[in-house]
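See the structures that follow.
One chain, subunit A, links the two complexes that follow: it is found with subunit B in the first and with subunit C in the second.
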Partner chain A sequence: MGKIIVPFGSQHIALPEPISFLFETENEIITKVEAHIGYVHRGIEKAAITKFEYTQLPYLTARVCGLCSITHAGAVVHGIEKLMDIEVNKRIDYLRMLVVELDRIHSHLLANGHVAEVVGYENLFMQTFRAREDVMDVLEAITGNRVQYDYQTIGGVARDMDSEIAEFAKKKLKKLKDNVLKVMEFHDSDYTFGLKTKGIGVISKEMAAKYNTAGPVARASGLDTDVRAEFDYLPFEEVGYKMQLRSEGDVWARNMVRFDEILNSIEMCENILNNLPEGEYKVKVKGRPKGEVVVRVEAPRGECFYYLRGSGKKVMDRVRIRVPTYANIPILKELFLGAKYSDAQAIVLSFDPCMSCTAR
Partner chain B sequence: MGFFSKFRKKSPWILHYNTGGCNGCDIEILSALAPRYDIERFGMLNRGNPKQADILLVTGPVTKNCKDVLRRLYLEMAEPKVVVAMGACAHGGGIFRNFYHVENGVNNIIPVDVWIPGCAPRVEALIDGMVEAIEIWQQKSKEKEYLRDHEKVIKTLGVEDDG
Partner chain C sequence: MVNPNMQIEEVTLDNVVDKIKEFYDEREWNFITINATDLGGEIQIDWLFSKYRAKNIIKIFRANVSYDAFIPSIVPVIPSAWLAEWELADLFGLDVENATTGVFIAPDGPKAPLRVDTKL
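Take a look at the complex of A and B:
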C-alpha cells in the first residue's frame, strides 16, 4: 500500500473552529502529521497596546475566547488591580469565583459532549447538552448573557446578585448534579464506549511532565498541576477546592477528570451560594497602572498566563498572553504518530482544543 | 416550481464555518442542535460538506488566513444558496475592526443575505435568522436569479487566481 495524505480541516464537521492537520497515512496508521494552527490569528496582543485603554482591556481579552472569556477577563482585571493596589472585598471575590466555576462547568460539559459525538454516540452528546442548559440558565440569571459575560470589571463585578437568583441557582445546580451523575455513570460502565476511548491516545506521567502539558490533560495522566492550588488569586481552598487526578492518561480518563472537576465545581458553587459574604459589589478605583506583573489563572483547559506592563499611561506597554491549548499542541502531534486515523478525531477533541485562544 | 423545490424547504442543510471569531457563536450553534432548542424541527442538520449544503452559516470577522477558505466554500456550494452572517464581528469586524490581520466582516468577501446581530446572539435570534434564511432560499429557488447573476458573482469573487 502506498501513502495516502488525508486533510483534516480547516473546515470539518467535527471541529467548531478552524485548525488544519495533514495526515500522512499508511494502511490507516498515521505516519506523519503537519498542523497549521494560525487560522484564527487576529492580532489581539498588538491591538491591546495600541487601540484600547486599560479600562477597556477586560472587554477585549474576553473576546480572545468565547468558552473561557471569564478567565481571560479575570486575569487582566486581577493584574491591573495588582498594579493599581486595589483591594477588593470578600463578596467580590466570591462572586467572581462563582462565575469562574460555572464557566468551567459549561466548558467541560461541552468538551465531554463533543468527544461523545465524534466516537459515535450522538444520543450521549444530546444528553450532555441537555444537562448543560441548566448551567447556562444560571449564568444568564447572574450575568445577563449566555456566552460573553463581561462580568468582571476593574474594582468589582458588573452587577450584584440577590437572594432570589441564589435560590434559583441552587435549584438548578441540584438538578444539574443529578444529570451529570447519570451521564458520568454511562461513561463509566458502557462497554462499547470504552472500546472507542479506553487505551486510545495514552499519555504517561513522564511524557506529560516532559512535554509540559497543562490542565485536565496533565491531571488525567496523574501529574498534579493546577493553578488554583499554586497561585494565589482567588480563595478557592476556602470553598472546598480539591485537585482531581486520574492515572490512565487516555481519552476516557481525560473525560472522567473533567466530570470529576464538574462535580467538584458544583460543590464549590453550592458552598459559595450558601456562605455569600455581605458587602458592596464595587470598590472605588483611583490612579493608573504602573509597573509590571505576571498573572496565572486556571482556565477550563489549564494554565493561562498573562504578563502586563504599564507606565502610568492610559494604554498599556505590553500585554502577553500564553494559553493552555498552546502548551498542549506538541504532545498532540506526538500522539498522532502510530494511531489509527479513525481515532484522530477523538484524540483531538479529548484535548478540548481552543484555537481562538491559541492563535489569538 | 420544480418537483424537488417542493420538498427542498423541509430539509435545508447547514454548513458552518468559523472565520476567526471567539468561539462564542459556535457554541451557541451547538446549543441550537441540542434538545432544548432543537433546530432539527425545521429539517436543519449540520453537515460538513459544502457540496450538499444549502445554508452557509458564517461566524467571525474573517481573518486573512480564512479568507480564501471562505471564498472556496461559497463557490463549492450548489445553487440556490443562502449566506447567514452571525455575531457582531461578522458585521464589519465588531471589536476586531481594523486589526492588522482582519478583513472587516463577511460581506467584504462574499454576498450576505441574513444578518444575526449580537455578541453573542441568543439561540432564539439564531433560529429566527435561520427561518428567515429558508424564506429567502425558497424565493431564490423560484426566481432562479442566480442564473442571471452568475457571471457577475464569479467575476467579483475572482475564481481565476484560486489555484
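Take a look at the complex of A and C:
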C-alpha cells in the first residue's frame, strides 16, 4: 500500500485546542510528521511590553492559560518581587502554595479524564471529571473563581482564607482523595484500558533527556526533574512535596504519574491547611522593577519559564514566557514516528497539551 | 540588579555552537529555551540551561547581535532546539539557520512583532 497523508487537527475530536499534525502514513504506521502550532497566537508577550503596566502583568499572564492561570500569575509575581526586593511572609507563601497545588490537582484530573475519553472510556472520563468538581469547589471558595483566579498579586494574595473555608477545604479534600483512589484503581488495573495505554507511545529516560522533556511526561519516563525541587520559589519541601517517578514511559505511566502527583498534592494541601502560619496576606509594595530575572515554576504540565527585564519604568522591557507544552513538542513529534495512527490520539492527550499556553 | 542565580557567559555568533557543544551534557543540563530581547538597535540572544538535580542553577550563553545577523543553529547539539530557533525567525524576524517561518505567526500575520519598533 502506498503512502497516505492524514491531517490530524487543527479541529479534531481528540483535541481540546488547535494544533495540527500532518501525518504521512504507510500501512497505518506514521512515517513522517509536520507540526503546525500557531493557530491561536495572541501576542501576550507584545502586550506585556506595550499595553500593560507591571502591576497588571499578573492579570495579563493569567490569561495565557485557563487551566494553569495560577502558575503564570505566580511566576510573574515571583519575578517582579525579586526585581523589587519584596519579601513576603510565610502565610502568603503557604496560601500561594495551596492554590498552586489545588490547581495541579484539577489540571491533572482533567488530563487523565481526557485520556480516558479518547481511548473509549466515556464513563471513566465522566467519573474523573466528577471527582474534579470537589477541587474546583475548593478553588472557588478560596479565590472566588472557578477558572481565572487572579489570586496571586505582587506583594501577596488577593484575599485571606478564614477557618470556615479551611474546614470546607479539608472535608472536600478528604472526599476528593477517596474518589481519586477509586478512579486511579480503574486506570491502574483495568485490562482493556491497559491494552490501549500500556506500551503505547513509549519514551525512554534517555530519549526524555535528549529532547529536554518537561513535567509529568519526563517523570513518567524516570527523568528526575521537577522545578519544585530545582528552584526556590515556594517552600514545597516543608509541606511534604515528594518527586513522583515512574519508569515505563508510556501513555499509562503518564496517567499514573499524574495520579501519584495528585495524591501528593492532596497531602501537601492538607498539611498547609493544618499548619497555616499567622500573618498578613499582603505586604507593602514600593518602587518599580529594575534589572533582569529568570523564574522557573512547576506548572501542572511541567516547567514554566519566565524571563523579565525592567528598567524602572511602569512598563517592562521584556516578558518572555516558555511553557511546558512548548518544551514537549519536539519529543511528541519524534514519538509519532513509527507509531500507529490509531494510537495518535492517546499519545497526544497523554502529553496534556495546552496550545493556548504555547501560542501565548 | 542581576539575578544572582544566573551564570552568564558572553559568546559570539562565531563561537556559540562550539561553546554550547563543549558545555552541554544532556544528562546534567536541561536546555530551557532561546530568548531574544530587543535592546533597541541590537538584539540580545540568550541560550538558557538549568541543571538537573541542583538548586537554582541557570547557565546562560549570551550574544548581542545586529538585526540582520545570521544566527547559527544549535540543533546538531540539541535536537529539541528547532522550535525556539524557528520562533526567533517568526517573532523577531531574525535569519536563523534552517528555520522555517510561518509556524508561530500565520504567513500573512505581522512581521517581527516582538521588535520594539514594530507597532501593532
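In this text, the second predicted complex is superposed on the first by the 360 of 360 C-alpha atoms of A that agree within 3 Å, B and C clash if a C-alpha of one lies under 4 Å from a C-alpha of the other, contacts with A are read in each partner's own complex, and residues count from 1 in each chain.
Everything below uses one rule, namely that contacts are C-beta pairs under 8 Å (C-beta built on N, C-alpha and C of every residue); 3 or more make two chains touch, one makes a residue touch a chain.
These numbers come from a predicted model, not from an experiment.
Participant: So if we stack both complexes on subunit A, do subunit B and subunit C clash, or do they fit?
Facilitator: fit
Participant: So, A:314: does it touch subunit B (first), subunit C (second), both, or neither?
Facilitator: neither
Participant: So, does A:292 touch the first partner subunit B, the second partner subunit C, both, or neither?
Facilitator: Touch partner of A:292: subunit C, not subunit B.
Participant: Just to be sure I read the superposition right, which of the two partners does A:60 touch: subunit B = first, subunit C = second, or both, or neither?
Facilitator: After superposing on A, A:60 lies in contact with subunit B but is clear of subunit C.
Participant: Between the C-alpha centres of subunit B and subunit C, what angle is opened at the C-alpha centre of subunit A, expressed to the nearest 10°?
Facilitator: Roughly 100 degrees separate the directions to subunit B and subunit C.
Participant: Which partner does A:43 reach: the first (subunit B), the second (subunit C), both, or neither?
Facilitator: both
Participant: Is A:182 in contact with subunit B, with subunit C, with both, or with neither (first, second, both, neither)?
Facilitator: Once the two structures are laid over each other on A, A:182 reaches no partner at all.
Participant: Closest Cα approach between subunit B and subunit C after superposing, in Å?
Facilitator: 5
Participant: Could you list which residues of subunit A make contact with subunit B in one structure and with subunit C in the other?
Facilitator: The answer is residues 38, 41, 43, 46 of subunit A.
Participant: State the interface residues of subunit A toward subunit C in the complex, per the touch definition above.
Facilitator: 35-38, 41, 43, 45-46, 49-50, 82-83, 209-212, 224-225, 229-232, 290-294, 296, 303, 305, 307, 309, 317-318, 320, 322, 326-327, 329-331, 359
Participant: Which residues of subunit C touch subunit A in the complex?
Facilitator: Result: residues 1-3, 5-6, 26-27, 30-33, 35, 37-38, 46, 48, 50-56, 58, 60, 78-80, 82-84, 90-91, 102-106, 109, 113-114, 116, 120 of subunit C touch subunit A.
Participant: Using the touch definition up top, name the residues of subunit B that touch subunit A in the complex.
Facilitator: Per the stated touch rule, the residues are 15-31, 33-36, 46-50, 60-61, 63, 65-66, 69, 73, 89, 95-96, 98-102, 119-120, 122-123.
Participant: Name, in rising order, each residue of subunit A that touches subunit B in their complex.
Facilitator: 10-14, 16-18, 38-44, 46-47, 51, 59-60, 62-67, 69, 110, 114, 125-126, 129-130, 132-133, 136, 145-148, 354, 356
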